[in-house]
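In what follows, structures are represented as structure tokens.
You will see subunit A twice below: alongside subunit B first, and alongside subunit C after that.
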Partner chain A sequence: MSRSPRQRRMHKQVRQWSRMCIALLITIVFVFPVYWLFMTAFKTPSEIFSNPPTWVPSSLTWDNFAGMTEGDDLRSIFNSLVIATVSTVVAMFLGSIAAYSLARHRVGGDSLSIWIMSLRMVPPMAMAFPLFLMFATVGLIDTYPGLIFLYIAVNLPYVIWVMRGFIEDIAPELEQSALIDGCTRWQALVHVVFPMARAGMLATAVFAFVYAFNEFAFAVVMTRSEVVTFPVQITHHFSPMSAFWARIGAMSILGCLPVFFMVVAMNRYLVRGLSGGALKG
Partner chain B sequence: MSSVAHRTSTFDKLVDRHFRHILLLPALVFLLALGTMPVLYNLFVSFQDITMLDENRSFVGALNYKRLASDTRFWEAWGHTFLIAAIALPVQIVLGLGLAVLFLPEFPAKRVFVALMVLPTVISPIVAGASWRLMFDHQFGPVNQILGWFMGEVPVILWTTDPSFVYPAIVILEVWAHTPFVFLLLLAAMAQVDRSLIEAAQIDGASPWTVFRRVVLPTIRPVLYTVILIRFVDLMRLFDFIYALTQGGPGTTSETISVYMYVQGFQQFATSYTGALAFVSIVVTSILIFVLMRRASIAR
Partner chain C sequence: MANLRLEKVHKSYGPVPVVRGIDLYIPDGEFTVLLGPSGCGKSTLLRVIAGLEDADEGEISIDGQSVNDVRPRDRDVAMVFQNYALYPYMSVYENIAFGMRIRKMPEDEIRRQIAWAAQLLEIEDLLQRAPRQLSGGQRQRVAMGRAIVRKPRLFLFDEPLSNLDAQLREGMRTEIKRLHQALRITTIYVTHDQVEAMTLADRVVLMNQGVVEQQGPPMELYERPSSRFVASFLGSPPINYLDAHLKREGDAVRLQLPDQTTLDLPAERAARLVEVDEQPVTIGLRPEHFVLRHGSQAASVQVGISLLQPAGPRVFTNFEWAGVPMMAEFSAREGLRQGDTLLLGLDLARAVILDPTTGRALGA
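Up next, the complex of A and B:
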């Protein structure tokens, strides 16, 4: 019945390693489709369109990345970077100060907070259509300001909700003593509260950026040719019978790997970021 | 130092008194203009009869809503949306729970695996859709090839164009993309379960299943409800995956309510009709969310 400590240690190690093997298998299943798409970027056309498929490209070709300099591919990634960055910075600023007001002063009580959160749950396409008509009358279709305004509005509820949680976690005593020391309310907010929420703000900004960078439903209806974003440009490479897979693969690598590493770096705030502040983790 | 406090004009006093409202104002302007106004615009335009050919702005009452009620494509789109949700949601929740249980104890390289599992959830939905469009390709996609290993010969399954396979294809994509989401959130919740409670139950001779049901599950229940709510809301507006994978086809077989709105609004340019469609979908999802939130009681 009873085992020696050594046997028990062995037993534990065996269990750990077998668990790792199952975890490895599962991870492979989940990563494989992305690996497959990414790999098409390094394949020659005959390797992409071969049957049976080429599991590993024979040699890495960089032609598909070089080809991106023609056409709108690089430009679409640039567009997405500009739109996502500007809209994130503005949404972070407006959202954080609003979150402070909600967290500390409870303006509007629970109903205002719930109204703000409910805006995020509405189907994007049900909003995209009237917004399209509204934007068309003021000439905002297919422009940077149009998409930037839109993503500010879409990210605001998220930023407000997450930042409200972060600010609630900060003890109010410090800003109160700053006020007593003669700071204005604004100085107390910018020089005391925000620096303490710095790590959380960075994580919130990363997730807001990723959302705007990846977003498709609004982008596909609000762009024509001038500010086509990265996901929309990918769909331009689809065609009914096949698709320009080599280019889609190359674009996906450039568009997804930075986003992936940014999110993994925010490891500590993954739960808050993914759940949009609904969970604290 | 103290001179700052004494420099108070009437303007400064006003700012000081209404500071909390001033902070909230710019965000509210954005949300009202781009969040609430579109909803009201939908409602307004839905009582008119504007189409691509007819800019008639006179009011026609509930005509568009009557048309909706007798539009089979509208009801089918709801059916498709609920069907996908009814299958994909339980599958991803159960799989996510299972994976979280598997990944909970320590094992070598655990953090690397968990980090890699983030990948399907954070890439653009269009890239995820593109991945599976390529995976499912009947000529040079690996899915049929892998099935061939088990079936003896490589089957010819047209995943994205055969009416009997588009639903499995969509569900596989959806489950693949969001099981990691469920898994990551539940893993974090399970990590916070009190270890001593689990050990005490084990000493009392409880089976792993009993420990899970009686100790782990009650602790993670609020998180579980929230995750289900988030996933349900997201499934109700399913658009990107369909657009990338089947475009609602073949025919209208896999058309969700969001895809139908896109077709009516941006391909048929049926302005007033889409307004009614969008307004109804907002009302329906709001009611569903409200009911679910009451049940989950997560509204803070």
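Up next, the complex of A and C:
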């Protein structure tokens, strides 16, 4: 049975529409909690619990954001920014040069890099308590250096593994040419290898940063009151009696912003970096 | 301007020896081609000279000074790579300037050098472009520009033309030769292409399995190869071989073929064989060592053409002689036809005579 071209066109359109509908449905299911969080942040406490629920706040209130200036909310976001930034920069630097030496000098043969990657597979909770004891002994609990060290250590295997793939993709002749042209190893690294791996480095850095910024399990164990990070601070608004949803919403929005802007700004590199490393590693 | 000396240079990758005891002296201003099949160690040797690889043993000296422990940047050499190795994120201008910037040359001097190189290589219009906007030949010129602006003591080329198509390759070959004649910088050029080697070199160093098989002016290697390897590697179409027995009769030297035909060697060729006893030999005859004879003459053989391969002005002619398939090369103007019977003379004065067991040339 053959169909007329008209029928075929109809059929194709129906198929396209049904696909769109399914995609839309899935999107709604996943975006809804985010939407609800946003709306909650702008609602008055009474409106949050109104029944039936309101889809759009009757009046936009900034009180929930203003309230964050009191207490430790803003400070916790600042703490997270500092810890995530410093740990990412250090992990990127150390990880990139380690990756360079794995990729170019075959340090440790093939097994070393796999061993490094395997470190990332240890469940955090398995490490948390031994680490807590170590940190307590040397006085790193509830300090910036404590969490920064920890996140560097956790991010390093990831950075090394991914950067090794990116560096292996660079033609070695580029570096060799730089060495002959008058560069030291370090200069060749800075002037040739890093610029060549820029897209991959930025993508890797975004991932390392997002991890450190969102990390909860270690942070809740390693902090008390001085350097409480943003994910831990949010939980302070859940009390046994009630949860301060408006404040949680406002904090979440503020907490998402740095990552959001970062991803938007580096969108171009992220796509290239992610697909570029896909074939190697 | 510099000379280069290598003494007993060895290099292995793990258990695999790649360069096995190379002695080489390259005088100031000479154009030397390292030639050989892939895997013969020629590129590795070049990288050892550049300092990108350390020699396991032996001495490398430039102008009499040992550079074994000198970093590549301080050897004052420049290298052009097969894939050009241009930095894709820099303009052509910045690519050429890179080495001078790293060496902290003043900006106006950099500008002057780049202007000079750009004019020499005819790339003035390309300076602001990115490498990806250039054709293969243009990239090649930029890579050479980057090498010449520093006025290095040694100029190293690693198969620079093998990524170009045939036509462009000929153009760039001319360009490289012209550049060398203008600048007279000591040059070491690695290739597996015998045409490049023959046309460019003052001296060819033919390598095989990590050692130098023979070195000398290109025509000397071609006309008087020291071994069967050299004789076979050079020449296209390849040399023909024929087993024979060398016999002496007084001062005269005769080659007796398996079919009992005997060939008398010309006196001057025989003179080079005075120290050779009667023994089995292999005769190497290049395609141009066969001469067409019209009418019957002495010292000629009769063969039937089995196949013709016209190649413009020349025609490659296949035939069988003494049971061995051979190829000769004649002028296309002879008007040969498949199935014709030819009367061939042999230019035995230029024939290569080899010891069949050692593969070394006799009386070369």
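Just so it is clear, the second predicted complex is superposed on the first by the 239 of 281 C-alpha atoms of A that agree within 3 Å, B and C clash if a C-alpha of one lies under 4 Å from a C-alpha of the other, contacts with A are read in each partner's own complex, and residues count from 1 in each chain.
The rule is short, and it goes like this: a residue touches a chain if its C-beta (ideal position, glycine included) is under 8 Å from a C-beta of that chain, and two chains touch if they have at least 3 such contacts.
Just so we're clear, the structure is a prediction, and the values are computed from it rather than from any experiment.
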* Once the shared chain is lined up, is A:Ala250 touching subunit B (first), subunit C (second), both, or neither of them? -> neither
* Touching partner for A:Val162 - first (subunit B), second (subunit C), both, neither -> neither
* Identify which of subunit B and subunit C touches the larger number of residues of subunit A. => B
* To do: Examine A:Met127 and indicate which partner it touches, taking first as subunit B and second as subunit C; both and neither are also allowed.
  => first
* Quick one: classify A:Val192 as touching subunit B (first), subunit C (second), both or neither. => second
* To do: Considering only the touch criterion stated at the top, classify A:Glu173 as touching first (subunit B), second (subunit C), both, or neither.
  => second
* Asked: Where does A:Val206 make contact in the superposed view: on subunit B (first), on subunit C (second), on both, or on neither?
  -> neither
* Asked: Which of the two partners, first being subunit B and second being subunit C, lies in contact with A:Thr184: first, second, both, or neither?
  -> both
* Which subunit A residues come up in both lists, the one for subunit B and the one for subunit C? -> 181-184
* Where on subunit B does subunit A make contact in their complex? -> 1-2, 4-5, 12, 16, 19-21, 23-24, 26-28, 30-31, 33-39, 41-42, 45, 99, 102-103, 105-110, 113, 115-128, 130-135, 139-142, 145, 154, 176, 179-181, 184-185, 188-189, 223, 226-227, 229-230, 233, 236-237, 239-240, 243-244, 257-259, 261-262, 265-266, 271, 274-275, 277-279, 281-282, 285-286, 289, 298-300
* Report the residues of subunit C in contact with subunit A in the complex, numbered from low to high. => 50-52, 71-73, 75, 77-79, 81-83, 85, 87-89, 98-99, 102-103, 146, 150
* Asked: Any idea which subunit A residues touch subunit B in the complex?
  -> 16-17, 19-20, 22-24, 26-27, 30-31, 33-34, 36-37, 40, 48-53, 55, 94-95, 97-98, 100-102, 104-105, 107-108, 110, 113-114, 116, 118-119, 121-134, 149-150, 152-153, 156-157, 160, 181-186, 189, 210, 213-217, 220-221, 230-232, 234-235, 238, 243, 245, 248, 252, 255-256, 259-260, 263-264, 267, 270-271, 274-276, 278-279, 281
* Asked: Hey, which residues of subunit A end up touching subunit C in the complex?
  -> 171, 173-174, 176-184, 187, 191-192, 195-196, 198
